[in-house]
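In the two complexes below, subunit A is the common chain; its partner is subunit B in one and subunit C in the other.
Up next, the complex of A and B:
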């Protein structure tokens, strides 16, 4: 048993070794011309442009991004809940319908979920043309499927004794389902949906960087023309808004769950969501008159088998898959290992505060933007892409780990320190130990997300399936596009299956109660 | 359970709202707007200035409402032409061919006087030690250097430079890091090479000259090392249905107006200055056969 006790905190730290090859490669490729640019870039952080036009266009950009984010979030939440209910086993069991229906809906949902919103965006842009509506639909497709999965899981895993009791007492099955399951799962689902708002904002920003308008476009254009002062104006605005949303959502969760009157609070928050959604859709309409007017359906000529075969032979599958996997694994290693490592090195109060700020910053940085900035002083490579991916995920996993540790009771830590252990080893074997199993479980989910996200950096780092997809799209080679997307989808589905398997192993072996964090994958 | 009806209401009301917006669009479509666009090959503020003037001029001469729709990258410009979001687009050689292949019947309207014999320049940062190249074979000196192209779909910033580099056995995998950079635009390539972020790069000679005359090039830091042989590049491409939508003879009127731009009108003079040329001349699709061949060879046209 002792061996197992030792292994899980070490398992959290070991993946950090991935930073060695990545940093070595980057440092070896740093060049002087780029160092000056980097200094210039950093200096501009304290002197963002205060030009009225720049500020106004940054605010306008943020407005567009925020409205895209809120509308797509709201739509995906509602469709997600509905699809989630009808894809749960319980729904069909109590409706006395065929249970395979729920299962097959769930299987089908794996496909939209396995493809990153950016890929949906690039595809939809090719068929629907230029319109912010494309960005909304691109986010809604995978997000609905993600929400649906969580909702279905929640419905199927909760205790259903009261439900059975109600049905036996003669209540109509559907009413029984709503009254018994609703209150039990709503808090978790609302909490998860709240978190999706943060994700939506990030997604809308990334879509902007790839040409779908808003603050992402502002950032991309100013960075591309090396106008760092202007870029920082937009970047600070984005960082503060992401920070504000995170804070608001944290307070909202506290407000929602601390008092016994949470039933009423759930209703109030639902009404609030309705108002925000309607306002955002109206706002989007006002901001962009051409929004719905520009939508045109254009079919892409679907390719024949022969073209698919040619395309299949043209693609260097081995390298594409290898690059994609290496990026994913290295980035996952860094993102999993660095947060506990830095907490271990800086366990003091000040260190913790410092890390919170850094991690907030990391979370707010759009991944392709990080990659473009790294490219200023180093050469394009798979390592640039890897580090850019890792940076944001260090922010995500760091916050998760720190909040998990902060919620712990102090007894174990005190009992370990009272044995005379040094602070750091005490931290390692009490704080990190208690958290490590669930942390590794979340980390497995996160690796899944990382695999999907390689699509975003592949383009910039010039590596992997993401890069090839962009190249094929710009050559309008639909046969290749179809193959790459299927290839991507297969890969992420396999990844999902593996991480689910390992996650079940970790979660089941720990006794931690599931918190809302466990759903943040 | 009191929450369910609310959720139902919300669903109904949001469906209603979205439906309403869709239904209200035909009113706007009714007034025909002539949408023009361009591949974003230069800094956006310059493009905005240029196309605002051009929209005003075309609107006056053609007596239709003209709208300039900016797009963020080359592929998006082609897509917007294919989906019909844009009626007239200023394309590069490669993007123009891509667009015509996807929209058969689209018409090549005109090009600038400089476009039938267009050239690209390779530039290098002076601290890189790359010498001026006299013989095309010496392009091999660029092997192992940090090298950036412009956009992936740029004719003068990627296609033709890559074509000539390959003649000297320099492929896109020969550069440092086994891959080139793609800066996105000609202005960005200049900025990145001048700053030393890349040791060398390829860009459109007209943009290079324009930056020289605006004193945005620091000749103590960056120099031209090679010039490509001439090829046909940029052109105006129009949708085939313009006569149907804007009245008989609209396409030929458009051609006449563009080709008729002269320095007598101050606005036309300013537009041509921003285009970096003296005038527009008639052009035809045959001029781009070579570009299409090279595009196919390098896999950018399928």
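Up next, the complex of A and C:
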């Protein structure tokens, strides 16, 4: 019998099989009344409401979301850089301080990083009430830790021989640091921080869907009241904004890194960021006079060991973990496999352009909103949650794969096409082959992100740890809340370790160095 | 019978005129050696003929059809051994040899090859023809030596079953014994019954002592054809002129 050999292009395509159980279950649970609703929903996409009040309300909502996103992005970037520097090993070696301090800070950061911003939002909402400020804090906590990790990694992996040489030559330590390490790590860090702005906008929208104001709240309200035309007004506005931000950031990266005057441009960008941040905080304050006044400090009674034990026994851990893992794996399979499969089926230029539009749309769709739309015509299940999770991630991974392929050289492609291979076979053996290993590396990282995001759909789809957390928060069962968050954190940290290992494995075997590009996803 | 025709072909890249007004006809069954120093335009000429590079001006015809209009099926008749080999390093030896046959098969077969489930008899014959041990077939190409890789590129070309062979320095990594054997194989002088060798050949080489095996010699210098002779008429001073500084 022949031995099956799974080459990397096949490993990119194979996970697409996960779509079969998910679609089968969704189709089996479709209710006819919902199909009419879905048709109505789709029809409304081309006839969004043009009512002046609706448009103004959507713009105001987008304004609140944008200001939440910009404020939280700027604060988390700033704190992330500071914490990143002090959690790096090199910083403590350089100061001749205790190296365990950096390591300890890093370990501590793993916790805030492992909890999704929505969970932070729900937790803070229970103690501080509904307010845009809660949304800002909820984003700042995990994002600061995420930025800090990237900054610390960049500092620690840098070749410091030039730094040592400068210090030995008598350069002041601070000057030596700025001169040798700054230029080497700043491009990656700025590029990564730029990408976090996109993430902040998505996060602020999701938090809005859960009642924390902005365009997310507009979307959720209009969908729940089945006012699809109004919903599409807000949704189109959001899609165009995300598309505009992606384009702007791409152009910004080009502007920043393709000219020799990068140093000056970095300073200009920093000044711009500071101005935008101050403006957005002022705007947020004007839009919400009660931004800081609305805060109410609900006391949270810390629970005792006895209650924790009771809560532990009450929770159906096996099912909660199983649902969360099944959602993650199926959604990851779909998100990883569908982009290369669709590109393989439609490799022609028209197909590529069509997919670019679809993927932009997918990326802009907030995950809970996709879940709510699916729930219009089907019943809540982990498959609804899975598909909702997968849709946005298809958009993210599809863009990554396509951009990677577009940057390829043509040698291998020409070599395969010159054998007379048909376009699809040639695409498989050259384009997908060349990109497959780095794609799988990034896909491993994305799976880790997906695991975190199950919290978002769990709440909507009625499955997994996210759903249980919402239930426990609603009944103020703090013992359960503490246990579930600890469980979530453990799971995501294990996932992070596995994805890191797998990511390194693929990246190393593809002989490519992680670029700004890789960090962005 | 005329197999290949280049008509007033020019190739420009940036400020470089890489091929200058090339007019060339190669008949079926001809064995043509392509000589010239590095940068003279040999690889560009080969890329123009196999259609991977389009000329800035002029036309290329294969069997009276313009190359840019050839269907993938017709392209299978032009087999190339690239100077940089262009093997798929992470696939194993047999899968790489099978790449030569992609033009003869469907997408389904391509996927089967990536999983390792194709019928490999023809590819094993090609592997045998290039004198590589049969137990090498499962090895990842990345782990092989330069000479072994070069012979896999030759085997892949054989698997394509083309009518015209374009070879860009196909023996540069081989020892004299193997180089001689591969030249005999490529020129169809000595090859096993189980395989087919292209009948017409245009081969770029840097070994003037092998010229006697060819029927015709073309010399390129700075993108221009300055020598076009039957191999027995090639003189020592022609070679000196070809390899002298411009």
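The rule is short, and it goes like this: the second predicted complex is superposed on the first by the 510 of 521 C-alpha atoms of A that agree within 3 Å, B and C clash if a C-alpha of one lies under 4 Å from a C-alpha of the other, contacts with A are read in each partner's own complex, and residues count from 1 in each chain.
Operating definition for what follows: a residue touches a chain if its C-beta (ideal position, glycine included) is under 8 Å from a C-beta of that chain, and two chains touch if they have at least 3 such contacts.
All figures in this text were calculated on a predicted structure; none of them were measured in a lab.
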Check your understanding: Which partner, once the models are overlaid, touches more of subunit A's residues, subunit C or subunit B?
Key -> B
Review point. Taking the superposition as given, does A:269 touch the first partner, subunit B, the second, subunit C, both, or neither?
Key: neither
Exercise for review: Figure out whether A:10 sits in contact with subunit B (first) or subunit C (second), or with both, or with neither.
Suggested key: second
Check your understanding: Is A:129 contacted by the first partner subunit B, the second partner subunit C, both or neither?
Key -> first
Exercise for review: With the two complexes superposed on chain A, say which partner A:412 touches: subunit B (first), subunit C (second), both, or neither.
Suggested key: second
Review point. Both subunit B and subunit C touch subunit A; at which residues?
Key: none
Practice item. Provide the residue numbers of subunit A that touch subunit B in the complex, in ascending order. Key: 29, 31-34, 36-37, 74-75, 78, 81-82, 125-130, 178-179, 182-183, 186, 210-211, 217, 220-221, 224-226, 263, 266-267, 270-271, 273-274, 277-278, 281, 285, 289-290, 292-294, 296, 298, 314, 375-377, 379-381, 462-463, 470-471, 473-477, 479
Point to revise | Touching residues on subunit B, where the partner in the complex is subunit A | key: 1-4, 6-7, 10-11, 13-14, 17-18, 21-22, 25, 28-29, 43-44, 69, 71-76, 78-80, 82-85, 98, 101-102, 125, 127, 146, 152-153, 176-185, 187-188, 191-192, 195-197, 199, 299-302
Check your understanding: Mind pulling up the subunit A residues that touch subunit C in the complex?
Key -> 2-10, 410-412, 414-426, 428-429, 433, 437, 509
**Study point:** subunit A-touching residues of subunit C, taken from the complex the two chains share
**Key:** 47, 50-53, 72-80, 82, 84, 86, 88, 90-92, 95, 99-107, 110-111, 114-117, 156, 160
